[in-house]
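Right after this note come the structures.
Shared between the two complexes below is subunit A, which has subunit B as its partner in the first and subunit C in the second.
After this line comes the complex of A and B, so read on.
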């Protein structure tokens, strides 16, 4: 039960910052950065379903993110659907794409899983960039992606859109926290720890992996739609493998397999990026250096490391109480 | 229902030119305890893998209670009542003892696992978990991380996980391997207790244990079954003595 108390202990300050930020009179730049962090955090949380919970490295999550973005853009611009329908479609698009990928990718494991997902997602990127130009706008992308329309609120206002994303983010976080503690989540953790044992007990391991992959794709699709909405723009870069690479780095930096790890990872990544890029054009290289140092000194990521310290501290406290009583 | 629990017919497993199992045909009757013995590399574990569905590349056929399961994947075989423990302990090492048994109880209660927090479902599992903690003597260690238990306790936990879905057929691969001397007796008693009413195939190198536990001994060598019989009969069999116990037949 230590871990859930830890999640609360870490989550409450983060939630407080998120809720108080709009009242501190922030600049549009800061609000948009915070919105971007939350959207990427949703993506990283979705990614970590496969990466942290199932222990499989997917190098193709850019596909689900990008498809989500395009689904929203096309639904609202081409078919004139309302924003909420577009958001729903983005979730479905991410899930469907993950489902299709799973037929090829789940036949293999380890590095081959990473390679198959990479190949499939690059295929999608190239298609979006060239053959499907009529739909995707090619390298130019699709400008003018919608913002939500809800009860006459102007979501082109940064503060309003910020609150919209806060609400979605909170919903996703709550859903993920519940799923991790659910009987289903326990089986997924079991499969990561000992696949053979889970299978021999009677769990259809392949099916569980597939479902997890699809849920992961759905969350990534949602993030993609929100990202396109924030930027009011979508282009094939969202489908590019570097996007998949970034989410891996963020998740590892924050701590794969922990509830808040992906969120903290995205936060650290984006803040470092803003800071370093204002300082030098070689920020990506410096970020790489930070990442290498982090994997050397915090192999479990920032949150993973904190969680371990917290557990040790609790154990020590419990032992001390035990002795005194 | 057939009173043959498991039957293999002409099962051969080849790794290139090497035959790990070479044309094994044997019927395992319901409710009996079989001891599988033989020198290292005789094919005992491979045979268990074939029966449990871990080794699907083989010729010949496998029947379970009369149904052909030759092409049935391992998780489906589990639902037919085949439980399997492993030579190298396979538990969920990063979870508590309680959660290890909880996962095992989940598969017993439902093929569908809710993805929300389900207190009523968890309560239904609790009774089974408590009973299994009691049986395996792990009640006091329920909140310990499984990977931190002593090897003997890990084996007990693995047995508990295997037993949880209440399998009709138990395939136990060296359940006493690595168990400390002082725990052997209690472990043997535990295996004896849980074998009641089940068909058990037991691989074990501890001769005293396997001879006292088994009702019938199957001796394997070089991938073949070379002798079958009651423990005392096998003990005195000249071929077995020469092949397995390394004694001169003369």
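After this line comes the complex of A and C, so read on.
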């Protein structure tokens, strides 16, 4: 099965929609929604490094996202750094936090890993909410988070900011696609399939896991900074463990471990949310129901299922060609 | 003295809560994220029954039975098809269950806080060792001890308990012996859920009843369950009492550090004894 061709087939229409959207005269609401989807998609892609590629369920990714947001807010507001430096700092903050978490979390595996990451991120949430109030603004959060400043372009304009996020998103996607196919990515996939075998082949499994976790944290931190910039606001809710739950829902809905799965998952989540919330105020519960059904009947997610169909279709086509020639 | 009593009562409440979670994990291998949501559901049901009938006992029984039924339903419809899949699917699925339960509670009882009234017979205070102790606190301690004792007898001594333990150690073999493993699993899940509902009903007169219970309480449960060792009921008793006492002391002397200290204890445990503070190499039940 040629996965990369499948990824291309799926990616091209998505890219086309993203590039053409600003020219269709969309409302600010739609543009901001699309921006939000891309930012959350970056988060989900980062998350899927640990979840889909490594096969470990982390309930701590809200920390990396939230820290990224706070890093940007503090860097630009408190220390007067430019936006790009704040963005860099957010990536570093996410990576550092993941690195710290890894010392605790990687000592255990399976369900314990989920619980340890959950405990650590709740500790951070409580700290941000209470002890670090002087820095984080406590439950009120920090308003007035900066937008990018680049060549005198006004990024408070929704369209301009949209293009900025498109560019970052494209970079992240490209980097992730390369990383997944790199020797490093293959080792990670190998570890998920059979950890013992990878260990026996001489790979330092712990080290690989740690690096994956850090990369995942860095991407999540980047997403957090962009999210804070889009909302022009950051508060401890970003650090709450339910944020980690949301990203799990999205990733699983789209298809964990596939290149486009997290992106499609976020898109589906946000579209469903908009559609359901226009229809009933009880959208979150309905979304939960959709999610339960999806977990039961489509555990591979939207993209995972599509990929399987695509593979079957290609096999069939190949067999047919083989007969006719 | 009153700090000790408060600590013990907090601990017993935590135990009621966490025992269901650890029971379900120990016997089914399922981490039930929705346990906090079931606890919340129990509190709301007890509150409503109490409001309409004026009877605390009716609320207690009603909440336990109804939440146990909800648990049975969740097990039958959502979890049973997932036992053969990796564990994290169950974990994640129960996260979806939280959303559904929270939404149902929102539909029935709305968004606001609810205040449950203390049953009259337990509303007073007594003088004990020179300090004034609310009777309800003593009731919580006694009731918790009673339930933990009952749970022990049920799991360790009864035929049902034997069946449950057998089904958890080798479900396939028990099935081949012609015993209804699926029903046993459903019963265990219902029992665990019922305990959450019972804890909710007991907690209802002590705390305001609100939607945040679903996501906040589960964290407390996890702390207890990790400290005690997953699936280890003895450990859960000890860990709950430990946490309860630490909290009560913390609230008395340095309230703003309580949560941070709790988590510090948790992380220290995970670093030094990831299998829990009270792990014993023998069977964990």
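The rule is simple: the second predicted complex is superposed on the first by the 324 of 325 C-alpha atoms of A that agree within 3 Å, B and C clash if a C-alpha of one lies under 4 Å from a C-alpha of the other, contacts with A are read in each partner's own complex, and residues count from 1 in each chain.
The definition used in the following text is that a residue touches a chain if its C-beta (ideal position, glycine included) is under 8 Å from a C-beta of that chain, and two chains touch if they have at least 3 such contacts.
Treat the numbers as computed from the prediction; the structure is a model and nothing was measured.
Trainee: Look at A:119 in the shared chain and tell me whether it touches subunit B only, subunit C only, both, or neither; answer first, second, both or neither.
Mentor: The second partner, subunit C, only.
Trainee: Going by the contact rule set out at the top, does A:292 touch subunit B (first), subunit C (second), both, or neither?
Mentor: Second partner only.
Trainee: If you stack the two complexes on chain A, which partner ends up touching A:248: first (subunit B), second (subunit C), both, or neither?
Mentor: second
Trainee: Could you say whether A:132 touches subunit B, subunit C, both of them, or neither, answering first, second, both or neither?
Mentor: Neither: A:132 stays clear of subunit B and subunit C.
Trainee: Counting residues of subunit A touched by each partner, does subunit B or subunit C come out ahead?
Mentor: Here the partner covering more residues of subunit A is C.
Trainee: Is A:284 in contact with subunit B, with subunit C, with both, or with neither (first, second, both, neither)?
Mentor: So A:284 only meets subunit C here.
Trainee: Taking the superposition on A as described, I'd like to know which of subunit B and subunit C A:104 touches: first, second, both or neither.
Mentor: second
Trainee: Just to be sure I follow: which residues of subunit A are touched by subunit B in one complex and then by subunit C in the other one?
Mentor: After superposing on chain A, no subunit A residue contacts both subunit B and subunit C.
Trainee: In the complex of these two chains, what residues of subunit C are touching subunit A?
Mentor: Checking each residue of subunit C against subunit A gives 31, 78, 81-82, 85, 87-89, 91-93, 95-100, 102-104, 106-107, 215, 219, 222-223, 226, 230, 256, 259-260, 263-264, 266-267, 270-271, 274.
Trainee: In their complex, what parts of subunit A are in touch with subunit B?
Mentor: Residue list for subunit A touching subunit B: 178-179, 181-187, 189-190, 193-194, 196-205.
Trainee: Show which residues of subunit A lie in contact with subunit C when the two form their complex.
Mentor: Listed in rising order, the residues of subunit A that touch subunit C are 57, 104, 107-108, 110-112, 114-116, 118-120, 122-123, 126-127, 130-131, 240-242, 245, 248-249, 252, 282, 284-289, 291-292, 295-296, 299.
Trainee: Would you pull the subunit B residues touching subunit A in the complex into a rising list?
Mentor: On the subunit B side, the touching residues are 52, 54, 74-76, 78-79, 83-84, 86, 90-95, 99, 102-104, 106-107, 113-118, 121-122, 161, 164-165.
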